[in-house]
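Okay, got some structures for you below.
First subunit A sits with subunit B, and in the next complex the same chain sits with subunit C.
This part shows the complex of A and B:
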């Protein structure tokens, strides 16, 4: 599919304000960063660097003075904060000053009294309003939900997920809050989200993966779509380092893909 | 002036962002190799207060480092990216100022480590030495290698890095020389000094 043909994202659209990820190579490819207020899926199988990439996005943002919120579903945020210390550029003041905030979604569920295994329509609305409330009150301009998959797992039904995604996207766009949603996928699932509807609604999809070459496993990153952005769809090799995520073009030469 | 000094001087005269091939004659390999080390590590390094990243594919970094010490090079602004020790199973005493790559085929890793070091230790006029084009060619097909050099050298040029590529050849019509001619700004022939 051509990027320009994606619904809601004509390539001719003038580039709006950008929200730099702070990851230099990524911002270069994206023409300065994510379009501000957009919803971007960060999809990948286990251990591909989803949490690390999204954390860096928040830390870099907080460093620029943007209030950043990490909504954690899968890992306790106390553990995540320990992960932060692997970043040399992280300063604890970012957290103590309230510029970088961690909230555990299970705590939100509990506060809202969402105790059904499968969330009802009303509960889904409550959840969206809770997220809206947090973003508004804390004046958040960068949000990460890690992971969307776990949230959708409790919504279950495809049409409700669609509804949830549409409302979430609307609410966050209105607040001009740039959001990365972590999506956990299988190694070769052929799609980028649990049900496939999520990836159709979001404005962008970044795919993280592992590829094997001559016995070595290398991490790769690819931008699948990014509305309002003309971008390369090439694959990049990624390294997670203490100074942040680094990228290099995945060399092709005469080599076969996926080797 | 000693001939070795001439090369260092010629390198210093190049503008930042230049890529230069240092041609070593196979018949005088040991002499030329030592001269190339002296020029890049000793004559280029110290007064520029800049760091040098030495990408070691021919010899383990530990060997290059012992040669460099014989030239009175100090470790403070020298980093090795060693892409050969792992496959030579010569990895017992890793150098503190070296980072190790699994194999000389991991060309992207080589780019990423160089980038990492350039960012981690910013300096005004950094130098990257690649030892050598021949060794890389043993482990990588030609089309991949030209792609690698094309991307790497463009990237280094944009960062104002001086890049020196060691190549062993006594014949300018060789395939390697022809590939290099496309990516370097200048060739310094160690066999025809002065």
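This part shows the complex of A and C:
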């Protein structure tokens, strides 16, 4: 595990400053990046680039010397690492040096015996403590949970999800850990999370989607909310390229339709 | 006791004559007893009686393999050929040991070293499907067999009664299909009456063991309280346990009322 931050990393930033995503256009919209220590929902339907965006956020952070943790629920982390290797911005030494860490949440479930189909209150607290423990032990300053939807699927009850989100938010804010939570939503769900309570508690919501323009399907990104940030709510066209996520303003000419 | 073969049922000649004439080729027996009534010894004698003439499966829940073998030797029985399975040990390894580890991690917290590089399991490692475990062994049999499960108490401790009844039904069906003999032991006074009643109803043979305190020791009684379709052959007999296992004393105690549970 690498020690400390690289020059120019977060150690040189005053507290309360920005946590740059490393995606230039996104950082420009956000005034330099996510507010550090905030909890941000990255919502979108299948194939809109949620996982890619969050992975790039971690990789760019690891490059800056920030320790970054990807908690994978839905996909085996070994497969994610394989996919990541196809991007030019990824360097394997980020993983071997311990700056970019992957943990499979199902393994955490297994180790802690969280095997009820619906997690009990005690089990929810154990899960939060486990996340808190990993972030503390590894000195993580960037965290991704992919996906929050899968975690909440096992919490089920809205009041418990609210409690889980509030505690998670508090714990991660205390640790000054900037966190992206992936939220899987339907194409026309009208909300940004499984139960709707998640989006009310988080500090920010980024919406990714597909839209049709002149016969093509294009990816779009929109910042719905970001506390403490004055930002545009315009839609941006997103391109997933080997060098990372590229964004450009979505020109409104032509007929378009949300998907 | 020497080697037994042929139509020997229990290894107690006085009882075997009646049982051989009464029971179908494949049957399920229930051995009911209380602590100290020597159900485990009786079960071993039954298992021994089948050695040499059919595969004998011995499922133990409290005794280790070496304990079972030692008991066989103590009574002059050769355990060679006996297939011994320790269900409690398997349960301990697959469930209880993991529970200990889970408790430790829950109390002390999970460290990265404990989850780093651990592959995701497809199945829940704490699940010990006892039903599947037993049925897989039964399914592998293709000829008459002898089976001992000592005891159902353990199954009733970790499974719902309906699941235990299902296991018993499966064993009975397999015994009927292949001409097997299966003896399941159970303590008669610790389970819900409904469960023991359904097990007794399902069984073709019900044997109850009793140890009555007497001056200087215990008087053992064996009650054959049910032989399917042959109530006239039910009986209670005084028994003794010698260096060669259970044997009957001279005259039957009676032929009507089984010992109270």
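Basically, the second predicted complex is superposed on the first by the 236 of 259 C-alpha atoms of A that agree within 3 Å, B and C clash if a C-alpha of one lies under 4 Å from a C-alpha of the other, contacts with A are read in each partner's own complex, and residues count from 1 in each chain.
By our rule, a contact is a pair of C-beta atoms (placed from the backbone, for glycine too) under 8 Å apart; a residue touches a chain by one contact, two chains touch by 3 or more.
Remember, it's a predicted structure, so these values are computed and weren't measured experimentally.
With subunit A as the common reference, the superposed partners subunit B and subunit C fit together side by side.
With both structures placed on the common chain, the touch criterion links A:129 to subunit C but leaves subunit B unconnected. Legend: residue contacts after superposition of the two complexes on their common chain; A:106 is shown touching subunit C, with no touch to subunit B.
With both structures placed on the common chain, the touch criterion links A:76 to subunit C but leaves subunit B unconnected. With both structures placed on the common chain, the touch criterion links A:239 to subunit B but leaves subunit C unconnected. Of the two partner chains, neither subunit B nor subunit C is touched by A:117. Once chain A of one complex is fitted onto chain A of the other, the partner contacts of A:248 are limited to subunit B, with no touch recorded for subunit C. Minimum Cα separation between subunit B and subunit C in the superposed model: 34 Å. Touching subunit B in their complex are the following residues of subunit A: 213-214, 216, 218, 237, 239, 241, 243, 246-255. By the touch criterion stated above, subunit A contacts subunit C in their complex at residues 76, 78, 101, 103-104, 106-108, 110-113, 115, 126, 129-130, 133-134, 137-138. Within the complex formed with subunit A, the subunit C residues making contact are 98-99, 101-102, 105-106, 109-112, 114-116, 118-121, 124-126. Residues 102-103, 105-109, 111-112, 115-116, 119-120, 140-141, 143-145, 147-148, 151 of subunit B are the ones that touch subunit A when the two sit in their complex.
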